[in-house]
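So the structure is just underneath, and the comments pick up after that.
In this document, chain identifiers A, B, C and D correspond to the written order of the chains, with residue numbering beginning at 1 in each.
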Amino acid sequence: MSATVLPGTGVPAQRVNLKLGPGLLQNRDANEAGPSIITTRAGTLNHSANGSRWWVESNSRRYVPAPQESVIGVIVQRVGEGYRVDIGSAHYASLDSLAFEGATKRNKPNLKVGSLVYARVSLAHKDMEPELECFDAQTRKSEGFGELKGGFLVKCSLKMCRDLLDPKHFLLPLLGARFPLEAAVGMNGRVWVSAKEPRQIIAISRCIEAVDPDGGGLDEAGVKALLGTLDV
Amino acid sequence: MGSRVEILNDGGFRSDGRRQFELRDMTIDLSQQGQADGCAVVTHGLTQVLVSVFGPREAKMRSQTMHDRANISVEVNVAAFSTGERRKRTRGDKRILELAATIKSTFEPVVQTNLYPRSQIDVYVQVLQQDGGLLQACINATTLALVNAGIPLLDFVCAVSGGVHSTSPLLDLTLLEENDIPNVTVAMMPKTGKVTLVTMETRLHVDRFEEIFRLAGDAGKVIHGEMKNAVRSRTSALVAAMGSGPRVGGVDVAADKDGDDRMNEY
Amino acid sequence: MRPPSPSIPEKEFLVASLKESLRLDGRLPLETRTPILTFGPELGWVECALGKTRVVAEVEGKMVKPTPERPFEGSSRYTRRYRPWRRASTSPVGRASDEEVTITRMLDKVLRRSDAVDKESLCILAGQRVWHLRLTLHFLSDAGNMLDCACLAGIVALKHFRRPDVEVIGDEVTVHEPTERAPIPLAIHHTPFCFTFAFFPDPSIPPVIDPSQLEQRLSAGLLSVALNAQRELCVVQKLGGVPLDPDDVLKIVSVAVQKAKELNNVVDARLREDWEARKVEVT
Amino acid sequence: MITFTSFPVPADDTYNGAHSHHPDVSEDVLMDLDDDQDPLEAGGSKLTYPGESLTSSQAYMRGHGTYVENEEVIASVAGTMERVNKLVTVRAVRTRYNPEVGDLVVGRITEVQPRRWKVDANSRQDAVLMLSSVNLPGGVQRRKLESDELQMRTFFEEGDLLVAEVQAFFSDGAMSLHTRSLKYGKLRNGQLVTVPPVLVRRLKSHFIALPCGVDLILGLNGYIWVSKHVKASDQEGEEGFDAEAVYSNQNDYIDDLTRIAISRVTNIIRVLAAHFVPLTDTLLLEAYEWTVDQEGGAKDLLQEDVGDALVATITARL
């Protein structure tokens, strides 16, 4: 199902209605002999069961915004009717102050510079600043997005974030069994965590760093051993 | 070169005739110079520094503004004629950049910058003569210039240099002594006795360090007395000059009005 | 685009946990990260890691003609390569940031001005030939406290380095290849180590040694102490920042005295271990 | 003790303390200082220096120029302490201009921005003059059009001087100005003098017409405009609003005598400011008469002895 690929490898994706994910490029001026689709990243090549979606999975630390991904950002500036938000990408994203649940012209959320927000990328175009929203544009409900108060922000690799979002991943359930915790995972390499005691938050943060494939790469048994030393 | 000179002779005198703990002459000139909002010329013996303060004023570079407090920028210029050996130091000189960064971070926690959001306070330090104790002169002059500009400070910052010759501590070193013996500069805030700046280079035993460190802290209080006197007499001279003008009836009313306004602010 | 300052929750959490004497990486306030020293195949190549902060130091020696003013002394030069973390600095391109200036000046004071290396022993033939040492420091990654890491890498590299043996007969200088005669270590007067402490504006927060990147950015002042295991201070540097009680400063100094002794033992042990391993290779 | 004298000792109001101290005697010195306090309390108000503790924070409230630490109210500036009931404030002797609503200020345009001008008014931040706060040609009640935004530089451009009133404050403390009165607007036919703002006291009117054919505008921010006298009839009535004249960059014809009078007034202000004497209309008038009696040229005033004599005479008379 998956194979390790290097940039420039030809991909045997053949389908009428083909969707290419990150790390793949259609070779437009390919002649008859050359492959029509090539990889642009090193990583593992994956495809959906019916072969209609293909993508390359790799690990990196720099976030490239893509529409509909949830991210965690830091407010860096207030500009007129909105905010500029650092989401770890090459450019700051903009967040309109009306893009919150229940926000009206009169009643806008008041975020300070330095606040954390959990938001969704609503627009990511290569020639434009990315745009964020803190609600679902159709229902106008918050859906869990909005300002994150208290807690702590852990930075990790992008792969780690994707792993944490996988419901089958062991880490969060393992920690959750020990003490109650809240977590918001952004696709941009940032995880916000909160628990009752500072020492518990520190434990979560250290576990995430230890499990991160870019750092310690610990497995479940290793984390259990680590947690044993942490006194939580 | 210094080894031929006796730092402290048998009679207990130093090369310029001072005793161990004697400070050099300190003169302070707080008179108005040019368009600066505040300035001070401070002389410690043959070391002389002129500091001019401008601001708080609109920041020239928008990238330097901070939304919650004022930015302090410090520029140090060492006159080419200030040392025996005439040489021009460029602005990129690491030693000068360090000096400027030191002055900036010394005053950042002392100046009440949070009263002036989005503004900038510019401090220009002009070193006119150097004979040891450059950092102490810069710090003392900057304190006085800021006070003179009416910028709110939590306290004075008073700096003194010191050194140890074999086992005897000395205060307020000249260039000759500075080159020869381990030296320390300490800047303290006299109200609380807390130390904002300590620098020491060259090797010194921990116990000796403690001795000179405490001594320099005490000497800072003497410097504080001098600085306080200077500020007092400058203030009273200005107040006296203002009093010489006619008192218009509206003034006192205005003062009361100010008071009310301010009460509302808090 | 300058990097944004840490967010409010990060700041509040750090302050709250430090008040309980908890640090994010599980250390005690006065506990350093254990340095990991990795020696390269060549003598004088050391990689020093404090957590994720990494600095590589390498020493090269070559023979040059001494300067006319100091015919009996060898010379040394330090080069620093900051490139990888320049990105994170806040200053405009081309001008050194404050942190860069501090580190540069501090390295100069700790390694050169404290006379760690005996310069006269680098003389081969007075006025004719002396050794010139070049120490290059490569800053690979910054996870806080680059200064201590760089100082440690520098001094260990100098201790690790060995120069080829030289024989002088009359005016004739013969350099012996390492295969002929065992190379000679440098004459080191003393081994200064640097310790950095971070202070916070809230007086109820204890000072922390060896601050991490977040601690360093949120701190309100740093105090660096460089000293050797013989209780001799080389540099004490607190450039502004939050004012401290004189007794607190002296307490910090005595903590550093203790740490220097421990670190000296660790470094000596590592150097000996490495040297033993090399001996086996030769025979 | 060897005394080195490096530069000639500066004159009068500078402080010179050439003492050497020994730490053993430092205690005495400090005590002396504390004893000195009483004579300094001349004029009824106490003089302070930064870091001086004034009173307990439980009995009093802290005002400007002070802060509270360890239940003490402590001065943060050097100046005079004032007490209004329970409120303790310290007014710095020399400081930048602290604006209040209704103040009359003279300023200089530093930047033209969308729908607003930035104005340097000697304060801690540049003031803002909104396009909606100025009178535009074609009637006072006229609506602002987009075309006005495009030709903002025809009203005010960088470097222009203007007189305005402080209208309000923004949340960050920057002041907003307005020129919606025929008294306010662009300045011409004269020159600017800068004095420390504290020397300009609040007066009934800050527009002063001296009998020598010179008009003065005393901006509370320390900027003073000295210009040729304009007949009052020119300024009357809202119908008389002449955009050409208000936003003109062209000086009127100024004869030599007026020019000399303008420089004389300017120099008087400079001399008084150098001696830190607060400015009022009567004072300026007296000073002007005195200088005319002395038969010196306008430039002689800037000589130190003439200046000292002027200040001595004027202050003695009042």
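Assume a residue touches a chain if its C-beta (ideal position, glycine included) is under 8 Å from a C-beta of that chain, and two chains touch if they have at least 3 such contacts.
Just so it is clear, the structure is predicted and the values come from calculations on it, not from any experiment.
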Relative to subunit C, chain with the most remote C-alpha centre: D
Interface with more contacting C-beta pairs, comparing A-C to B-C: B-C
Chain occupying the middle, per Cα centroid: B
Inter-centroid spacing, subunit C versus subunit A (mean Cα positions, whole Å): 38
Separation of mean Cα positions, subunit C and subunit B [Å, integer]: 31
Separation of subunit A from subunit D, taking each centre as the mean of its C-alpha atoms, in whole Å: 57
Two or more partner chains touched - positions in subunit B: 67, 189
List of subunit B residues in touch with subunit C within their complex: 63, 92, 94-95, 97-98, 101-110, 184, 188-189, 192-207, 209-210, 213-214, 217
Of subunit C, residues touching subunit B in the complex: 2, 95-96, 98, 101-102, 104-105, 109, 113-115, 190, 201, 220-221, 223, 227, 231-246, 249-250, 253-254, 257
Interfacial residue positions of subunit D with respect to subunit B in the complex: 1-4, 6-7, 9-10, 13-24, 26, 29-30, 33, 36, 40, 42-43, 45, 47, 49-51, 53, 61-65, 67, 69, 74, 76-80, 82, 84-85, 87, 89, 92-96, 100, 110, 118, 120, 123-126, 172-174, 194, 198-199, 201-204, 274-280, 282-283, 315, 318
Contacting residues of subunit C [partner subunit A, same complex]: 1, 4-13, 16-17, 20, 22-26
Sites on subunit B touched by subunit D in the complex: 16-19, 21-32, 35, 37-38, 41, 43, 45-46, 48, 55-58, 67, 70, 112, 116-119, 129, 147-156, 171, 189-191, 215, 218-219, 221-222, 225-226, 228-246, 248, 250-251, 254-256, 258-263, 266
